[in-house]
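Residue numbering begins at 1 within each chain, and the chains themselves are lettered A, B, C and D in the order written.
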Amino acid sequence: MSSTESSVGGFWRRFRRNRPAVFALGMLVAIVLVALLAPLAYPGDPFAIVARPFLPPFHDHLFGTDQLGRDVAAGIARGAMTSLLIGIVATVCAMLIGVVTGGAAGYFGGRTDVLLMRMTEAFQTIPAFIFAIVLVAILSPSLESTIIAIATVSWPPMTRLVRGEFLATKNREFVQACRSIGMSDARVILRHILPNCASPIIVTGSLMVATAILIESGLSFLGLGDANLMSWGYLIGAGRTVLRTAWWVCAFPGLAILLTVLSINLFGEGLNDALNPRLREAG
Amino acid sequence: MGEALLEIRSLRVDLPPGADRAHAVDDVSLTLGQDEILCVVGESGSGKSVMARAVMGLLPVPRVRVGAGEIRFAGEELTRLPESRMRDIRGKDIAMIFQEPMTALNPVMTIGRQVTEVLAVHTRLTGAEARRQAAEFMAAVKLPDPEAMLDAYPHQLSGGQRQRAMIAMALILGPRVLIADEPTTALDVTTQAQILALIRDLQREKRTGVMFITHDFGVVAEIADRVAVMQHGRLVEAGPAQRVLSAPSHPYTQSLIAAVPNLVPRKARPLQGVPVTLALRDVEKTYRARAGLLRRAGRTVHAVRSASLTLRRDETLGIVGESGSGKSTLARCVARIIDADGGQVLLDGVDLRTLSRRAMRPYHRRVQMVFQDPYGSLNPRQKVGDIIAEGPIVHGVARGEALRRAAELIELVGLDGKALARYPHEFSGGQRQRIGIARALALQPDVLIADEPVSALDVSVQAQVLRLLADIRDRLHLSMLFITHDLRVAAQVCDTIAVMRHGEIVESGPAAEVFAAPKHAYTRELFAAVPGRNWRHPTAAAPLANPQPTG
Amino acid sequence: MRGLRLLVPALALLLGILTVVSSPGALAQKRGGTLVMIVQPEPPSLASYQNTAAPIGQVAAKIYDGLLEYDFDFKPHPSLAKSWTVSPDGKTITFKLQEGVKFHDGKPFTSADVQFTFMNVLKKVHPRGPITFRDLEAVDTPDPYTAVFRFSKPAPYAMAALSGYESPILPKHVFETGDLMNHPNANKPIGTGPFKFVEWEKGQYIRLDRNPDYWRKGEPYLDRIVARFIADAGTRTAAMEKQEAQLAAFSAIPGVELSRLKALPFIDVSIKGYEMISPIVLIELNTTKKPFDSQKVRQAVSYAIDRKAIIDTVFLGYGKPATGPISSNFEANGLYSKDVTNYAAPNAIEMANKLLDEAGYPRKGDGVRFEIVHDIIPYGEDWRRMGELIVQQLGKVGIKVTLRYEDVPTWLRRIYTNYDFEFNSNFLFTLPDPVLGVHRTYWSKNVRPGAPFSNSARLTLPKVDELLEAATVEPDHAKRAALYHQFQKIVVDEAPVIWVTELNFTTVSSKKLKDYLVSPLGVYTSFNRAWLE
Amino acid sequence: MRARLRFLARRLALAVPTVLFIVIANFVLLHLAPGDAAEVLAGEAGSATPEMVAQLRQKFGLDQPYHVQLARYLGRTLTFDLGYSQRQGMSVAELIGKRLPATLLLMGTTIAIAIGIGVLLGVLAARGLNTWRDRLISVFALLSYATPLFWAGLMLIVVFSIKLDWLPTSGMENVAAFYEGPKRIVDIARHLVLPALTLSLFYLALYTRLMRAAMLEQSGMDYVTTARAKGLDERTVVFRHILPNALLPVVTMAGVQVGALLGGSVVVETVFAWPGLGQLAFDSLFSRDLNLLLGIFFVCACLVVVANLLVDIAYTWLDPRIELD
């Protein structure tokens, strides 16, 4: 049988083998650190005017200044927290909705399944990004409306995944054993089915954080971001009109998004390989 | 014994670092004659399958490689051949068939295309001519309506039919060697009998050398001309089938043969007057594909049709039948994992079927189940201690008391106390079944339902688990419902036998009577299909002790 | 047939070359070519008689003629009206009309069309018509080529509102029938102008072809004008750079790109051509709610705004600090007055802090006096940059500003119906005469919930109303100027609104495009004499 | 053939309640947005009078009570009359009709590129597992998945259109020239390259990763060993056995993608001035032209239903195990 170390040790040993994933984890830790330490490194208001507009990068200001003379580096550092916050909170909400609806549909089946899945399909007929724009237009652009909009459009895929996982796990014999012991549905779901669906949910969740950040930057690009909140999407949205004369205003926040989303994805893949090794050996 | 066709000289196959041993096959020398069936037998992990794939050059090369030794076939040394030459041999001179008929054929290609593909690769035969020859061979393997079969897709065929198609595909070019890697393990016993007969007939007719890989000594007794026994990658014994089966020289072979239960039923125990604990009256269960909003009613499957049985205290009732006979469904109806549609499930006179979930709770404790798949029946995310203790905890026993009882039970099933703190993936198949049994016993049930508890285990481990079950049953005076498709196991364990087919109980009665004089035609067919049924191995251990039933 | 169609352009080309060759000396007006002009955003319709949204005029002015045209000194010149005489009491204007003019559908143009246009269309559905022609009682048509305008009171301002942009002359036989608010020809205009409407591919372009029977013989020189709609500013700039378009007015090209484009040999950037609309950027304060109910607070905030910084960083220098409700463009005709409170004085910041203390808003613990919400006009990125700058500037005097950026419908309802705002940025066309563009913001009778761009500050000063109502009807120019000077003095001191900058719209054009800028209306003209090298 | 028709009829019948539910949900949702078309029109007209706004509102039927508006809208939708767009002064159906071809062209090309190249790269990556080729393709897929679409679009314009002058910057056609016949097709094709490339960048990554995972999973199956045992060479095993089975999840993904693709096009259409439904939806939302927006959502719903239908049919053709139930 496989080596006898406890599951957590095994997980880390397998995860370490995937070099890109480890690199990505390093990147993520760095980004979170930047987000946390930003208020210390760049105190005061990130919107403050610090120098003349359009100062090129790598001189006295690391990433140069934008068209109002604001420090782009301060914007990126302080913006990290917002973008990550929006990404994570929106994803957690979407995961909650997804797990509850997907779980109910998968576990109880029958009429509840048909009803819930019909509703999920209906939600997916409206193009996700346009739906997000409508929600933000209704609730007026703010941090909360961005999070609500992103969560509302990203839960359907999670529902489909969780429903599939519940259906598969529900028929396994150790769940039948629980039923033969006379265990209540709630206990069966929480202690037996959910833990065994955890790994695909976590992996998909990590990928959803990446998508959420992309949607946030898209909304800000179209001018629907929170006007008082510094975020990467805001920086790109503002920098877009001056792209050709001051490329750095758009380039560096774009790079920040790229690196974050890239490392989340690589980390997600590493997570996936480590959590279910079977996939790794195939081929 | 024809002149040597295939000669394996001190073959060694290396496993990648980190595997549980260095070599899958270690210094094995073996010859396959012109016109004979050589059975290579051994338990899982013995390396028999790896050796077969080494011959065909199908090892997953970078990770598993031929380390040393030679495989000579018709003057050529296969392990040194370039890939292009090896491809000529595969399918033309040496052919192979596999274990899982369900997944061995490409689901999106018709049977005809998959068979004629062999012709297209090795000959210039294409189109109508190839199809004609394929149809001809389909008839040779006794497949009904060959023309229609060519246009059918794999999922439209039964397991047996798919295996026949595989055989046709393998033998169509008249290969001189056929390697069969456990071709009948996944089949029902009646279908298995037909396939074994087919292979033997074709072998005699085409005088091919067949290397037949199996773990079932019954199959060896049925068709083998010569036998080779493997253990942990080494060849422990080889020789003519009669000699090895009747007078095995190597101690490992002896222990393997001894572990195979004989087809001799237990002596009947006087059970008259012993109270009935469980009685099934016309139990019904039908699966109806849900009639959609507009879809007319889907296909309906009558899984169990008016089944009636009685189970007395201390009695072991065996329910025997092929896959799809409804035996598992019936067992699940009793344990209320599935809700039967009709009839009565009387436990000491109380009908469990109509009880609400809440009312059923106390009775769950009295009926417990042991499951088939060692890897699926335990929650991989839970420690063994929690798995066993969860039952009592749910029924109100304090956690400390439940864990204490779990420690007792883990010893009872033959594992050491430290096992409680570890996770299921750290145990072997046999050990996991023991944990499953401990879990079932945790609630001190009156009736234990064992649904094919040993069919996923190697024969040696099977024997130990069966002995454990019998021992527990007698010590705790449990009545047991024993579900199995293996008549040998049924004979060894059960007092009475009920035979099920397509959801109906066709015959039931004391084991001795049913084995000696089966009344129903299907039962007779079932007994006739048991491989090696006339073979009685000499050193048969006496059937399990016959303690006196208590009142 | 196909051959023939190829023949015509070939002939035109030949003709073109001939004319150039024949007069090598002077830069002869060259016939032919297609002008691609970027219009942003896409106009909602082409009914310039019923909708004065910025983009509509750029296209409609090429199709509909007006009675008059204007030169850079605002002096009227003949267009459909050959000549005109004003009665001594200023109440009657008689126009002699051009003869032999045909509409694009071939029907003749007569005084009946003028009468119908003014009395049935402009006075009824035009957004500014009811105010501009409030006192126009009748238009008499003694003969097909004479139109007599009879006013109940003298209307000096009316003469400035007879261009093809402000008062397009419509064919009576077409617009007589059908609902004027939603006429089938709203998007298929038929006028007398130099270019005919051909097709409108929504989201892409509007195509106008040359009107061969234009009443000014030999004109126009261009074969075709195409108005293109490109939503993204960066892409618009790229289109100009690649010479896929030759004209982009109303600041369609963002300020920041202008310095780079100006360097290109074939690009010309100008701020001329907007004098007839003279847009002003201002911030409307809600004078009915705290803290802007106090005049001192309003003045303090007006002092605290650094107008020069806003012009330099947000509008890249294209603009002049505004001093009051009337644009400095009106200095020429004397209506503009410098004698007002100067909020851009060097000691502005100290004045701001002093006034705030006097108004009873001392700095609290964290240095903040009070908090306000700044609503940003949702018409593009520049206003957000201005908002962000104002947050910093007011921050210096202890006012904490939170930005609110909503979409157009939500913003319109919040400001002009619910009055649910404190500090709202906006920009308004003050137009060629104060009555047309200035009164609406300060006249108390124009406090009308639900009417966009009305008196949202809800200023109700009887003195101001008196002055405005008098100036409306004062025929004598000097007296009228004096009235407006007094009005400016009072309103600037009252500071219901903060005047930030006189906006300079920019027009980016290809140097190959000649003679398109002929009037203070700029691109709101017919381009009858424009041509491409 | 009859079975197929019966299946189609039933699937469409099943779709009606879904689409109806969507229409009602959208109507309710959009009416939550503050402000209405009358105000926007009045706003744009500049200093319109309240009477005029009231007049507009009355003409648009916006002054009716809520449920009357809903009932009237539903009545019209059932007869496929999508109503009239006040702002654009055209019938909604005609407006969408003008923009639909551009959107279908963009989406069709994008799906073709995304699946075509995605499948190719997925196969290449899976065949050369853990070689430099696999890692290169995986990194490329991740990079294109992580790049914000608008950023990529703007960069492509700067490089390919302005610096290299190979392709036009924006729009669907060269408006000055008004080409006809084949020249027009070439012109549109040249305009289509950059927007389709930008939009497919994101979906290309999805299909590459999906295909690679599907190929890996299938190559571990038993029927692959059987095929090798028949003496087939590696290329035949991959392309005739593994590939068809690995395509199944890709087809499923394509069905689900249609809705999302239309959403993604809003950004690309804005950057490239591509006259599609995405930008029309964006503009109509911000001018509260609800008739038009509801019309677009209705067409989207139909597009998704049709797409899913096509995917199901393609599925029955690709995978014999699935019948038209």
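Throughout what follows, contacts are C-beta pairs under 8 Å (C-beta built on N, C-alpha and C of every residue); 3 or more make two chains touch, one makes a residue touch a chain.
Because the structure is predicted, anything quoted here is derived from the model rather than measured.
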{"item": "Pair of chains with maximal C-beta contact number", "value": "C-D"}
{"item": "Closest chain to the centre of mass proxy, which here is the mean CA position", "value": "D"}
{"item": "Geometric centre distance via CA averages, chain D-chain C, whole Å", "value": "39"}
{"item": "Length of the line joining the C-alpha centres of chain B and chain C, rounded to whole Å", "value": "88"}
{"item": "Computed distance of Cα centres, chain D from chain A, in Å", "value": "23"}
{"item": "Separation of mean Cα positions, chain B and chain A [Å, integer]", "value": "46"}
{"item": "Two or more partner chains touched - positions in chain B", "value": "none"}
{"item": "Per-residue overlap in chain A, given as positions that touch at least 2 other chains", "value": "137, 240, 243-244"}
{"item": "Junction residues of chain C, two or more chains touched", "value": "232, 234, 238, 407, 410"}
{"item": "Chain B - residues contacting chain D, complex", "value": "56, 58, 87-92, 95-96, 98, 100, 103-109, 117-118, 121-122, 153, 155, 166, 169, 293-295"}
{"item": "Residues of chain D touching chain B in the complex", "value": "10, 13-14, 221-223, 225-233, 236, 240-241, 244-245, 318-321, 325"}
{"item": "List of chain B residues in touch with chain A within their complex", "value": "20, 290, 332, 335-337, 357, 360-361, 364-365, 367-369, 371-373, 376-382, 390-391, 394-395, 422-423, 425-428, 436, 439, 443"}
{"item": "List of chain D residues in touch with chain A within their complex", "value": "18-19, 21-22, 25-26, 29-30, 32-34, 126, 129, 142-143, 145-151, 154, 158, 213, 215-217, 219-220, 256, 259-264, 266-267, 270, 278, 281-282, 285-286, 293, 297, 300-301, 304-305"}
{"item": "Contact footprint of chain D on chain C as seen in their complex", "value": "34, 36, 42, 44-45, 50-53, 125, 127-128, 130, 181-182, 186-187, 201-205, 207, 224, 226, 228-232, 234-235, 238-239, 241-242, 244, 407-414, 416-417, 429, 440, 448-454"}
